[in-house]
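Presented below are the structures under discussion, each in the form of structure tokens.
The same subunit A turns up in both complexes below, where it pairs with subunit B and then with subunit C.
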Partner chain A sequence: MLIEILQQTINGLAIGGVYVLIALGLTTVFGILGIAHFAHGSVSMSGGYLTYFLVTAQGLPLLAAIPAALAAGFLLGVLVEMLAYRPVRHANHINAFIVALGLTMMVEGINLQLFGHEQVVIPTGLNRVFRLGGITVPELRLYVIIAAILLVVAMMIFVERTKTGQAIRAVAENRDAAILMGVNVKTIPLIVFGMSTALGVAAGIMVGALFAIAPGIGEGLVVKGFAVLILGGLGSFPGAILGGTVLGITESIAAGFISSGYKDVIAFVVMIIVLLIRPQGLLGRAP
Partner chain B sequence: MLAVRDLRVSYGGIEVVHGVSLDVAAGECVALIGANGAGKSSTLKAICGLVPASGGSIGFEERDITRASGHAIVRAGITMCPEGRQVFPQMSVIQNLRMGAYTRNDSEQEADLSRMMDMFPILRERQSQAAGKLSGGEQEMLAIARALMARPRICLFDEPSLGLAPKIVASVFETLAHIKAMGMTILLVEQNSMMALNLADRAYLFEAGRIVMEGAAKDLKNHPDVMRAYLGH
Partner chain C sequence: MPNYKFMPNHTFTRACAALAMSLVCGASLAAEKKLTVGVADALTGGGAVYGLPQANAVKMAADEINVAGGIKVGPDVYKIDVIAYDDKANPTEATNAVRKLIDRDGVKYILGFCCSGSTSAVASFIRNEKAVMLVGNAAERSITTAKIPNLVRTRPPADYSGQAAGTFIARKGQKRIAVLGALDVGFYAQYVDSVERELKKAGGEIIAREIFSLKDRDMSPQLTKIRGLNPDAILVVGYVEPAAFVYRQAVELGMNIPRYGFTSGSEEQFLRVTTSEQMEGVWDLRPTELTLLSASKNGVAYHANYTKIFNASPSPSSPYAYDQLYALKAAVEAAGTVDNTEAVAKALRTIPVPPQVVMQYQPVDGKMFDSNGQAYTSNGAFQWQKGKWVFVEDLPSDSKAYSQFLSTLN
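On to the complex of A and B.
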């Protein structure tokens, strides 16, 4: 029983890492611009598809394809901010919302045209399985967990320790005061979108390597990402990290002990119960 | 140093500042006084680029900054300590102070940081606390110190006494007097006209979006109209 729980926890950490990376991007964008960036999942999957393309069609080694896809993700994020969201920045919030939905459909459509409707799996060649006591840890899952942790730590260091990171926080906390400090509030959203999308692409690659990328996966992921934000507490970085991990582990345990068909149902039931007890989310501030 | 000419500011098509002209010379402390809604704060906000000027011009050290964006104005040397403090509530006191030095690349930032904390010992005591947890008076001190961290050539203060207890107001003005004595050029907007006129060298009296009187602070303080309307005599 205990072994089984530990086993599912390890499995849950890998998918939890994916949720955390998606949620961190969403929370940063939301904090800076107040935009619910629904296209985030689909844009992230484009990065996953790109990695697949670079590895299979171009024959690039995985370790070269990943940085290329992350860089492409950064640029894509910058473009999304400039072309899609910037024009509606001063308009009613519903406009940005409509743009987000339209962008989701567009990106999904482009993914479909470029990469087809068949699901694709990014070949990694990482097939070893480690055994630790009674727990089996596939090599790939372990690397996914480590990569997710490294990315989260890098992001935290960037936000807490660098001037640009602090400027991002300042804009999120008080935009006018940030201007008075000399922060250029036109370039900050570009950096935020670039960074968030690169993190999303990392999540997309993980999904493509662990499971498969297919049409609709990105949309499902973004719903989970927002669920994580609410679960952890809107606007809270540690909340997004905790929320994503909790959701991943809950799903995994639900799938292992009850039924994988009900894992989403159970995960969302747990989320609703948490929110009934703590409406502000696990680490959110009480209003 | 700062030359505002026929400045107009509108919000949503309604003009609130109707052609204001004022000057601040280097080393001077100038106060803008007048009733609530007279256009003082809007004038300050236009100078530092938070709201666009709908007419007129703003010159700073021979440069036209009328259309410059907010961050460029800070880099030119104008910093504002805004109304209502506007600290970054979830960032620590020390992170707030470091944000004040955002535009600087010199190596003296850490020295300035400890100078600020010498000037405001409470900030040293609370340096790792979230700024939002400080009292109103402490937040005002933080906002002032944060503005000074930019090493501005002119510092704008928007209603520094607003919402503070009388005892705290007195200490805020002592601080401003100290900053003035250090040689800082100051443009101050303040509803507490008596305190402002005691501190300033010169003052402009605002009424309904226009300047109706200007002169040496001590002359304005003794002017019968000002005494009757704003000083409660």
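On to the complex of A and C.
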């Protein structure tokens, strides 16, 4: 029993890592700019598709394709902010909402046209399996967990320890005060969107390597991302990390011990229970 | 004796010329007659692994028939034109696609139908239409138990294969089998029920029934649970893509037990997800379908032509649709009409297996389709060996007995 629980936890950590990265991107955009960026999942999958293209069609090694896709993801995020959200920043919230939905459809359509309807799996060649007692850890899952941890740590260091990070936090706390303190509030959204999309691309690559990328996967992932946001607490970085991890492990344990047919249902039931007890989410601030 | 001149010479010459012209025109008119057949199938989405190759197969068969002279109905020769719509394996989309084919395009013969949900939706109303529906890969049993006179199916129902699979697994000596599959899909559940019946006869049992959905890609939680039960073997029933992930993740979880399946995926489709090493030793227990080692001469030629035309290997189940068109051709020629769909539907239930088909059918009383409109192929045990599906042996299958059983169901 203990071994099974540990194994399910390991299983859940990998997918939890993906949820964390998606949720971190969403919470950064939502917490700082107040935008529910529904296209985040589809944009993230574009990065996964790009990596697949670079590896399979261009013959690039995976370790070269990943940074290239992350850089492309950053630029794509900057473009999304400039071309899609900036024009409606001072308009009614519904405008940004509609832009987000339209962007989702557009990006899904572009992915479909460029990469077709069939699922693609990013080839990694990482097929070894590590065994520890009765627990098995596939090499790829281990690297996904490690990469997710490294990216989260890097993100935290960036936000907490760098001047740009401090500026981002300042804008999130009080935009007007940040302007008075000399923060360039025009560039902050660009950086936020760039970072958020790069994190999403990392998640897209993980999904493409662990499972597969196909039309519609990004939309499903963004729903989970928002669930994590609510579970962890809106706008909270530690909340997104905790929420993503909890959701991943809960899904895995629920499928293993209750029923695989209710995997998603049980995960959302847990979220509802948490919200009944703590409406602000696990680590959110009470209003 | 009066010298009757039937007509003046120059008039006679003109008449001959006119007659010749009319013959030529008549011949060309006959050559230009067109029979449009429709295809409703999953061309995108999860079902496309089955539907797209089926649609390709119908087009290929149409081209072959056209090159060989078309369909001969009395003095007329019909060339086949194919219109294909994407039903996304979705019941609503399939209904819309078929309505469009019948109402807008005036199509009377509709082929394809890879997936059971969408096919059942169309089958529910096709009885009231002046059209004939030829079902391919969709394996839900109830499609041919409703006694729909204008519907036939080339693929045998799933439980017909499940029975043979259960006998095979029991013979291998495995007693405790864990099932992981798309068990919320009726025909997969029917397959597993048949396997279970045969296992029980040999003192075996199914110890777990775990579910995955078409879109699931992470089956490690279910596999971890199954691993904890120490089964003798696992049985995977479902679409190729999720099944491929199950095989891969079972290896990643160190499950070194026999893996049986009911998936009908090609090597190419599996290798998009797994490695050949991860697939080594997996069994697929299914209708014999198209695997080169078990293929007839027609099967080998089909594989070569398909690969050449579409630049990809055909899926093993795609010939179900290819065979539909040859069966339709035989029925139209036997009925002597393209317009009377009732006569063509009746003829379908009387024709022998056409010589051009690819699948190895087991005719019932000498006919390709039984009175339920159901065709039967042999079942086979295939094993993945060094990157390929290898045909190992035929599985015992009694088409006549199953046909009688099917007739008793409603």
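The rule is simple: the second predicted complex is superposed on the first by the 287 of 287 C-alpha atoms of A that agree within 3 Å, B and C clash if a C-alpha of one lies under 4 Å from a C-alpha of the other, contacts with A are read in each partner's own complex, and residues count from 1 in each chain.
Just so it is clear, a residue touches a chain if its C-beta (ideal position, glycine included) is under 8 Å from a C-beta of that chain, and two chains touch if they have at least 3 such contacts.
Everything numeric here is computed off the predicted structure, so don't read it as measured data.
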Legend entry - Partner chain in contact with A:F257 - subunit B first, subunit C second, else both or neither: second
Inset, instruction - Return the chain, subunit B or subunit C, that is in touch with more residues of subunit A. - result: C
Inset, instruction - Scan A:Q119 for contacts with subunit B and subunit C and give back first, second, both or neither. - result: second
Inset, instruction - Using the touch definition from the top, say if A:A167 reaches subunit B (first), subunit C (second), both or neither. - result: first
Inset, instruction - May I ask you to decide whether A:A177 touches subunit B, subunit C, both, or neither, giving the answer as first, second, both or neither? - result: first
Inset, instruction - Identify the partner contact of A:H93: answer first if only subunit B is touched, second if only subunit C is, both if each is, neither if none is. - result: neither
Inset, instruction - Examine A:Q8 and indicate which partner it touches, taking first as subunit B and second as subunit C; both and neither are also allowed. - result: second
Legend entry - Shared subunit A contacts, counted only where both subunit B and subunit C touch the same residue: none
Legend entry - Of subunit C, residues touching subunit A in the complex: 43-45, 48-49, 184, 210-212, 215, 217-222, 224-225, 227-228, 241, 245, 249, 251-254, 272-273, 275, 277-278
Legend entry - Of all residues in subunit A, those that touch subunit B in their complex: 163, 166-167, 169-170, 173-174, 176-186
Legend entry - subunit C-touching residues of subunit A, taken from the complex the two chains share: 1, 3-4, 7-8, 11-12, 15, 117-121, 127, 129, 131, 136, 138, 141, 210-212, 215-217, 220, 251-257, 259-261, 263
Inset, instruction - Would you pull the subunit B residues touching subunit A in the complex into a rising list? - result: 48-50, 69-71, 74-75, 79-80, 82, 86-91, 95, 98-100, 102-103, 146-147, 150
